[in-house]
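Okay, structure first, notes after.
The letters A, B and C name the chains in turn, as written, and every chain counts its residues from 1.
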Amino acid sequence: MQRRTLMATALAALAAAGAVTAAQAQTLVMWGPEQITEPLVAELWNGIKADFEAANPGVTVEFMPPTGNISDGAVQAAIQSNAGPDVMLTNSGVARVSTVVNAALVAPLTAAYAERGWDQQIYPWLYEELKSQRGGEIYEVPDGLDALGIWYHKDMFAENQWQIPGTYADFLTLMGQMKEKGINPIAIGPRTAGSAGHLFGNILQASSGTPVVGEALDGKLDWTDPSIALGAVRLRELVDAGYIDKEMAALDLDGAARLWFNKRAAMFVAGPWFTANARNAGYDLTNAGFAAMPSDIGAAMPTGGVGWSWMIPANSKQPELAMKWIDFILSQDVMKRRAENPASTMLYPRAIKDYNPPTQILAEIFSTASGGVGYNPSVYLPAGVVDTYFQVIQGLISAQITGEEGMAQIQAKMAEAQ
Amino acid sequence: MSVRKREWPVALALLPVFLIILGPFFWLLMSSLKTEAEIGQANPFALPAQLMWQNYADAWQIGGFGELITNSLMNLAGVVALTLITCAPAGYALAKIRFPGREWMFYAIIFGLTIPVQAIVIPLYQVLFNLGLINSLVGITLAQVSNGIPFGIFLMRSFFIGVPDELVEAAKMDGANHFQILLKVMLPLSTPALQALVIISALSTWNDFFLPLIVLISPDVQTLPLGLVRFASTYASQFRLVFSGTVITFLPIILLYLITQRRFTEGLTQGALKG
Amino acid sequence: MTSLPTIAKDTDGPSARVSRRGTPGGAAGQDGLRSALPLMLPALAIYAVFTLAPIALTLWLSFTDSRGLNTSASFVGLDNYARAGFDPIVWQSLGHTFLWLLYHLALAVGMGLGLALAIGRLKKTHVFFRTAFFLPHLVSLAVVGVIWANIYDPFYGLLNTALEHVGLGRWTQGWLSDPLLVLFSVNVASSWQGFGLYMLLFIAGLQNIDHSLYEAADIDGATAFQKLIYVTLPGLSEVMTFVVSLALINGLKGFATVFVMTDGGPFYQSELITTYIYRLAFSAQDHGLAAVLCILLSALAITITIVFNRWRARLSR
């Protein structure tokens, strides 16, 4: 239905443009955005599309609803099909981007950064980070950053006089109380690889702190070192204590989220994008609270990294137009408009002036993240490692391996990758 | 007589088996008519308070099932037609014409019977890509036809061999060429084999998932099983849609089967056993 | 059922017959080729492009370091084979594939045979049961995956919630999370879909057994069990070898249910060769290693076919 409407609009626009200058009619096929079938999201993006088309007469933007991302091969398949997109918005991170870069599926954008001033339009630290990843060559333009932490039900916490405590020991006590009440303390769906990584990244951050996690990701610290392995040991402890139900090993993100939305689970580790899931499930967003996982090392911090990026396929039929589109997306107008839209589900790649978060929960997430964001290893680990990393988390949650064994497997892959 | 005495006890004993085997269908049908809240109560024995036919209307519209069914039908028609067009003549040639290299050719075709399509998928993808047939129903149809050719030729050849040579000879005396013999003499005699080939290739095409998963990228060319899997993961948080969408995917073929049950069963078993 | 991968069971039979019977009057040699080729050409063209060429290319790929369509691949000798040998997941997925075949034989063929025996002799209710039990076979395996993932959901699924509601709460399981159970659970779903065809084939086999054999056994005062052992099962041996080889090849192709329900997890516990091929080829873009697994898969299929043809030949002697 949605697709039909989109197509109809596209056709109508095409017809209108064609009437004027048939020769100049151009179509920009865009992969994304996710959840375009949701009315709120569709409304926002149709608005952006209309403005872009108005600013570029003769151009039609066509959305291609994503069938997946790079991890499940959908993006690669789409690009290789040649029926694929001219510009893409998809889940990114070092491993994912490396996969498509190594397969020569996406075009380098390093020159465009300098020529079009993109380097000035994202956080300086972010630009440095991107430059450092592939010997200076950059293939993506970050669209949004993630901030992952604990979502909880305000009413449930008020009723039981619970709150997210300050230390990890107290956090364990809290989960004990939840379990006694017959409520699953944490829901997790590790079949959705990224989601498993969100929880584990939070635990690593809470157990080892940002500097140690950073060293391990850089390969400067052995993953079997107790200072970083502690997180894996703790995850296994949560499973053994029944705070994470072993049976959740078979769930995916939606299956686990269902437990949280129905209040059969007290906490869920997710980022701002979870607002969209909540809205779909009919969950009252004003009841959602957000906090960083309690840490004994330094301040409690959410984790994150580049969550979504723009990329231009190597076989894009409209590379120039695709760049223009990215210019447009990076413009102050569009960024502010997206950030303030109720469908907004992320942190933006630069500070936005005079910005008011559209929902209470987003405001909470932004203020929690304002003190800085730790690493979500899923988006920083090298390509050869990340799959093993996800599998190890599954192994821990299904109680098949110990924390030490799991970390040894990750270390073995890290050694191979270097 | 002993048979008749045994009929009802056996039938009675089969009743629980019947309930267990068809249980998933009953549960699915019932869940598909519940509200999201009722599904959330997780009680499989509770009946829906009100039959939510709306779920079907919503799933149909949101999932674009009309388009998916059309794609599946076009895919199916293409595969069945091409399979008949290619396999019947080839089977005839291998059965009734003597030519050098016949044995050799036959073994090359038989060889294909043993190779699972998953084992050739990477180059198959490349071939389709080079022909510009990725993301197209034509591409998937050709790949599926090729996958079914060994079985189809084998089946037709086995059947044609059983047709007496005298018929061929007589037609030849009348001045018919091989093409005419195939069309006028052989095909009218081979309804059972053709029926089997149609049913088997139709069923395997209708249910195929692996090739569509790899070849069909955009939603507007996807077939039913792939479309449902995509739909179920996109709308995983709305189980009423997942359930009603699932029912939509298998209801048409089950109804078709119930109507043509006898012929269907016959074609399938004869085809499989002969092939 | 993805295209009946029937075994070349009759290879020596009919082809021997052809050479004997052939077309006596048909001109041999060039003339035969000239009339045969146009008839063969459409099939051969499609088959050569979409099956034979890919088989050859798979072999070539397994000796290269190809990482995707747009990349240049160079010859690396047996590197990929060595990598496969040292990759524990290859061995694990191979073991799982064997286990998967065993489960499929026991569950799908077992159930097909059991139900065929049960309803084979029914008169009034035969068609009813046969039709009903065949229904699952009409559902695409991918759709079966969607259905059974919901049946197995530990918190909302049919299985666990039904057990809880009838007071058998302690029997609930993490059907898809328990490492020892997951492959079996997924196989149950596959076998639920697969057994109907085997049942029909067994029923057809039963109908071909000479009725006088039963009458003779009755006269000898044989019990029902003796009749099963000495008349029915031997009478089914032909169909049995066919069904078993069909089931083995179908089992080897198992992909959709695992892909949809577990994606090989948790922690590789349900990874099959086919799902690992897909992961390597289409997600990790490691075409060389994937090609080695493709060859392994073909080798398994060919071995099964040959072994069963031998067995069949010995049986019929």
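Just so it is clear, a contact is a pair of C-beta atoms (placed from the backbone, for glycine too) under 8 Å apart; a residue touches a chain by one contact, two chains touch by 3 or more.
Quick caveat: nothing in here was measured; it's all calculated off a predicted structure.
By the count of C-beta pairs in contact, the leading chain pair is B-C. Across the assembly, the mean Cα position most removed from that of chain B is the one of A. Note on chain placement: the centre of chain B and the centre of chain C lie 15 Å apart, centres being C-alpha means.
Computed from the mean C-alpha positions, the centre of chain A lies at a distance of 39 Å from the centre of chain C.
Contact of a single residue of chain A with at least two other chains is seen at positions 77, 80, 255, 258.
Across the assembly, chain C contributes residues 69, 155-156, 278, 282 that each touch 2 or more other chains. Within chain B, the positions touching two or more other chains are listed as 40, 129, 214, 239.
The part of chain C that touches chain B in the complex is made up of residues 1-8, 10-11, 14-15, 17-19, 21-26, 28-29, 32-33, 35-40, 42-44, 46-47, 49-58, 61, 69, 115, 118-119, 121-125, 127, 129-136, 138-143, 145-148, 150-151, 155-156, 158, 161-162, 165, 192, 197, 200-201, 203-204, 239, 242, 246, 249, 252-253, 255-256, 259-260, 274, 277-278, 281-282, 287, 290-291, 294-295, 297-298, 301-302, 305.
Chain C contributes residues 67-71, 152-156, 173-179, 182, 262-263, 265-269, 278-279, 282-285 to its touches with chain A in the complex.
Residue ranges of chain B in contact with chain A, taken from their complex: 36, 40, 61-62, 64, 125, 129, 132, 134-136, 214, 217-220, 230, 233-234, 236-239.
Listed in rising order, the residues of chain B touching chain C in the complex are 3-4, 6-7, 10-11, 13-14, 17-18, 21-25, 27-28, 39-40, 42-45, 82, 85-87, 89-90, 92-103, 105-110, 112-124, 126-129, 142-151, 153-154, 157-158, 161, 165, 168-169, 172, 177-179, 182, 200-201, 203-204, 206-210, 213-214, 224-226, 228-229, 232, 239, 242-243, 246, 249-250, 253-254, 257-258, 261, 265, 268-273, 275. Chain A meets chain C in the complex at residues 71-73, 76-77, 80, 99, 102-105, 190-191, 245-251, 255, 258-259, 264, 314, 383, 387, 391-392, 394-395, 397-398, 400-401.
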